Amino acid sequence: MSFRKRVFEQLEPAVSGLRSARIIEYFFIGLIICNIAAIQLETVPRFYERYQRFFDNFEIFSVVIFSIEYVLRIWTITEMLRYKNPMKGRFRYIMSRSGLIDLFSILPFYLNFLPIDLRWLRIFRLFRLLRMLKIARYLSALNLIFAVIKDRREQLMVVIMFIFFLLVIIATVMFYVEGPAQPEVFSSIPATMWWGIATLTTVGYGDMVPITALGKFLAGIIAIIGVGMYALPAGILSAGISDHLNSHRTNKEKRCPHCGKDL
Amino acid sequence: MSFRKRVFEQLEPAVSGLRSARIIEYFFIGLIICNIAAIQLETVPRFYERYQRFFDNFEIFSVVIFSIEYVLRIWTITEMLRYKNPMKGRFRYIMSRSGLIDLFSILPFYLNFLPIDLRWLRIFRLFRLLRMLKIARYLSALNLIFAVIKDRREQLMVVIMFIFFLLVIIATVMFYVEGPAQPEVFSSIPATMWWGIATLTTVGYGDMVPITALGKFLAGIIAIIGVGMYALPAGILSAGISDHLNSHRTNKEKRCPHCGKDL
Amino acid sequence: MSFRKRVFEQLEPAVSGLRSARIIEYFFIGLIICNIAAIQLETVPRFYERYQRFFDNFEIFSVVIFSIEYVLRIWTITEMLRYKNPMKGRFRYIMSRSGLIDLFSILPFYLNFLPIDLRWLRIFRLFRLLRMLKIARYLSALNLIFAVIKDRREQLMVVIMFIFFLLVIIATVMFYVEGPAQPEVFSSIPATMWWGIATLTTVGYGDMVPITALGKFLAGIIAIIGVGMYALPAGILSAGISDHLNSHRTNKEKRCPHCGKDL
Amino acid sequence: MSFRKRVFEQLEPAVSGLRSARIIEYFFIGLIICNIAAIQLETVPRFYERYQRFFDNFEIFSVVIFSIEYVLRIWTITEMLRYKNPMKGRFRYIMSRSGLIDLFSILPFYLNFLPIDLRWLRIFRLFRLLRMLKIARYLSALNLIFAVIKDRREQLMVVIMFIFFLLVIIATVMFYVEGPAQPEVFSSIPATMWWGIATLTTVGYGDMVPITALGKFLAGIIAIIGVGMYALPAGILSAGISDHLNSHRTNKEKRCPHCGKDL
């Protein structure tokens, strides 16, 4: 067995089933979780000031590891049948979703050395969050939710459009009703829409509250409609989840009671 | 083919299936979305001051287009079997829901030229929102939700009546419990009802909060009842949605594909 | 037909099916709705001061009507088979739920003339709300919800107990975590329980908010548990509603496909 | 019958079915409820100052009763087949969940007499809450919920992970969007995560509210996603509850009562 194939098997426990590959997998999951924690904690001034050096070194360490992983993956990916071709296969892997996530999650570090505007750098730093998506490679369980959402995306889109429809109507009516009484707060329809979302989703921050009797009456109706609003996606996703969970079981049970054949 | 029929086919892509008619459809959907955006953005003083001229010209442009569309639709509607009669058919179309929406959504503009009170004009401006309903002509997907709500309207009405029942009881009891401690806030039963809605729907603005021990105890019970309140419409609409989605599928599947017998 | 029977038929449209009885029914529903509105509106000082006389007269008018209805019902109830016995039957009707509601909803008015403490009178005034329950006699639709709740009361009780369990644990832990930092706000476990309810039910008034890092972390977990909390009654009541709605339909469909007999 | 067996039967009404054992059971349930109430009420300074002596005596009384119960249970547990062995059986019972709860719920009292740091004592006082779990021995109904949650724990874990995923993305993006405008409020990603939880779960305390247009736009989308978030556990737990409730019924009904064949 070639050395490239051995490296490939260490990176793909799902394919090779090697114990050492599993340990490497757990190491990567741990490293990614620590990275996500670090990205968040270094924004806390108290932590960053005290542990600045640790955060910086951990970032360098992580980028080095992820870069090595990235290079090894590109080098060994030709062991996979789908990416067999040394040139075309590697290029296709680099442009695949998984490959782009790997690339962009380490890119911000290397951009530090380029003479580009600092403001842009801040936005590129957000790319570091892509490291979180690297974990999706290891967690197949999350796929259930993504599959259900993908499966019902049309119906969910209709619900979102319906909510948006409602929001436009609510915000426009409320602006003309409550605006004259509180011109500073309900200052425009887009501003009123912020209140409309907070009420329809029952978040209710309390930074904008109607004070007129008619405004409160309308707000009450909107809040009750909001209760119904929860029912629509609940119905859609509930049906989607039980369909997914039962599909296996049902396949077994779907047998005609008369002739015994599978349906 | 008559010129009138050609115009009719350009306006009804669902009937004619013409590619040019599809493009006209997309143009109208885009124009309606821009109109809704404009109606909302022109209430933001910052935008209106700077782009007043653009908003005014866009309004004139839109009304001209919608007026032409309205006139063409009335002229060509006799091509449809239902509205065949030149006089009666056209009158029935004008008085149909679709016809009235088209009329009232352009009416506010023309009312500007009439010598009527400005205050009334403000209310008529709300009619411009009806342009949003014009989009419903193109979006059949929204009909699922409307159909489900229509299908279950009796049960939903019962839930709304039940919520109203609860609200009256809650507000009356809470007024006598919390009123003496906060006479300025829980000043009357209708005022307390505003708090009741915010609590029962779990919006919780925080502009009215009980401070007595008994008041907090009752508010806690009401909030927990509110949790149950979400379950009622969720159950009704969930059942309605899955009924609608499964009705087609079930009809097909309720037959054994091997022996042809109903299951 | 005796005069008593005629009066009885006018009071019971469901039994007699008379058109004039239906009109009397609608009159009573209207009167009850006006009464509920009056009870609420007379607590608004602005209204009461201006229309005091109207409210007082309307109350006298209502009590007179309801008293006549009460006396007529007791007089004619012997026409019903269940309450046939002139003495025992009438007494049983007076002590029935419907009879007691009718009595207590007019009692506060007559207590005005007795030399009793005014404070007690205020509490008795709450009995006037019982008039709302009189309407339940006419609205059979509300019975679906009451039936579902009664049907699933054991499971709902378990959920309420579970929520109470959670609340005690949450409040106790949060008191020891957040209490030292905000001794004025999280002053005792019962006080913290108020915060716990507002968070678990996602009402979120904002009058009590944790400020320590550990407190916020715990609050976040509690809020996410609260999301799950909505699922339990939703599941129970959803199942209950669809069971009730389908029971009729299912009865028809529940036929054995082998021998064709009802199951 | 030995005296030990008689004592055992008095402690286990579910095994013996004795009436006197049922009364002892109700006494313990009552005592536990009073204990939970006392633990909470003694944190209210107003109550504790006035009734300090009562609270202290009640605690001593309760600990004495629970200690006697604990000793009797260990003494008599050998009557149970599972714990038959006098030494090993008793040790296994002491280390069982039920045995540990009994021990730790009385331990804080005895630790008072040991010369240990007072601060540790405060934490040990939390163990008194374990007395609440003693009640679970008597309430089999709560087991339904625990069973459903245990049954669906994998799917619920996936939902919690998904929520956590969303939270990290939301908090990071919102920190870079809203942080520059409100550096004191959205001061770091963990601080923003507190806002993210309050919005995603629709608690909406209102202590942190975005003020920029882009921040409000993102917050609106997050709140609408939060609506969908409620649907996932609702779907999972609904399916779990109805599975549990129907499993018994379905087994019985899946047979034609006339011809005896499975449907």
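For clarity, chains are labelled A, B, C and D in written order, and residue numbers in each chain start from 1.
As a working rule, a residue touches a chain if its C-beta (ideal position, glycine included) is under 8 Å from a C-beta of that chain, and two chains touch if they have at least 3 such contacts.
For reference, the UniProt names are A, B, C, D = Ion transporter.
Because the structure is predicted, anything quoted here is derived from the model rather than measured.
> Identify which chain pair among A-D, A-C or B-D reproduces the interface of A-B, meaning that over half of its contact pairs, matched by residue number, are the same.
Matching more than half of the contact pairs of A-B: A-D.
> Taking all residue numbers used at the chain C (Ion transporter)/chain D (Ion transporter) interface, answer same if over half belong to both copies and different if under half do.
Both copies, chain C (Ion transporter) as well as chain D (Ion transporter), present different residues to each other, with under half of the numbers appearing on both sides.
> Sort the other chains by how far their Cα centres are from that of chain A (Ion transporter) and give me the top one.
So the chain farthest away from chain A (Ion transporter) turns out to be C.
> How many angstrom lie between the CA centroids of chain A (Ion transporter) and chain C (Ion transporter), rounded to a whole number?
Here the centre of chain C (Ion transporter) sits 44 Å away from the centre of chain A (Ion transporter).
> Take the average of all CA coordinates in chain B (Ion transporter), do the same for chain C (Ion transporter), and state the distance between these two points in whole angstrom.
Distance between chain centres: 31 Å.
> Return the residues of chain A (Ion transporter) touching two or more other chains; collapse runs of consecutive numbers into ranges.
190, 193, 198, 202-206, 230, 234-236, 238-239, 257-258
> Over in the complex, which chain A (Ion transporter) residues touch chain B (Ion transporter)? Could you list them?
154-155, 157-159, 161-162, 165, 168-169, 171-173, 175-176, 187-191, 193, 198-199, 202-206, 209, 213, 216, 219-220, 223-224, 226-228, 230-232, 234-236, 238-239, 256-259, 261, 263
> Residues of chain C (Ion transporter) touching chain B (Ion transporter) in their complex?
It is residues 36, 39-41, 43-45, 122-123, 126, 129, 132, 139, 141-142, 144-145, 156, 160, 163, 190, 193-194, 197-198, 201-207, 229-230, 233-242, 245, 257 of chain C (Ion transporter) that touch chain B (Ion transporter).
> Quick check: in the complex, which residue numbers of chain A (Ion transporter) touch chain C (Ion transporter)?
So the residues of chain A (Ion transporter) in touch with chain C (Ion transporter) come to 202-206, 234, 257-258.
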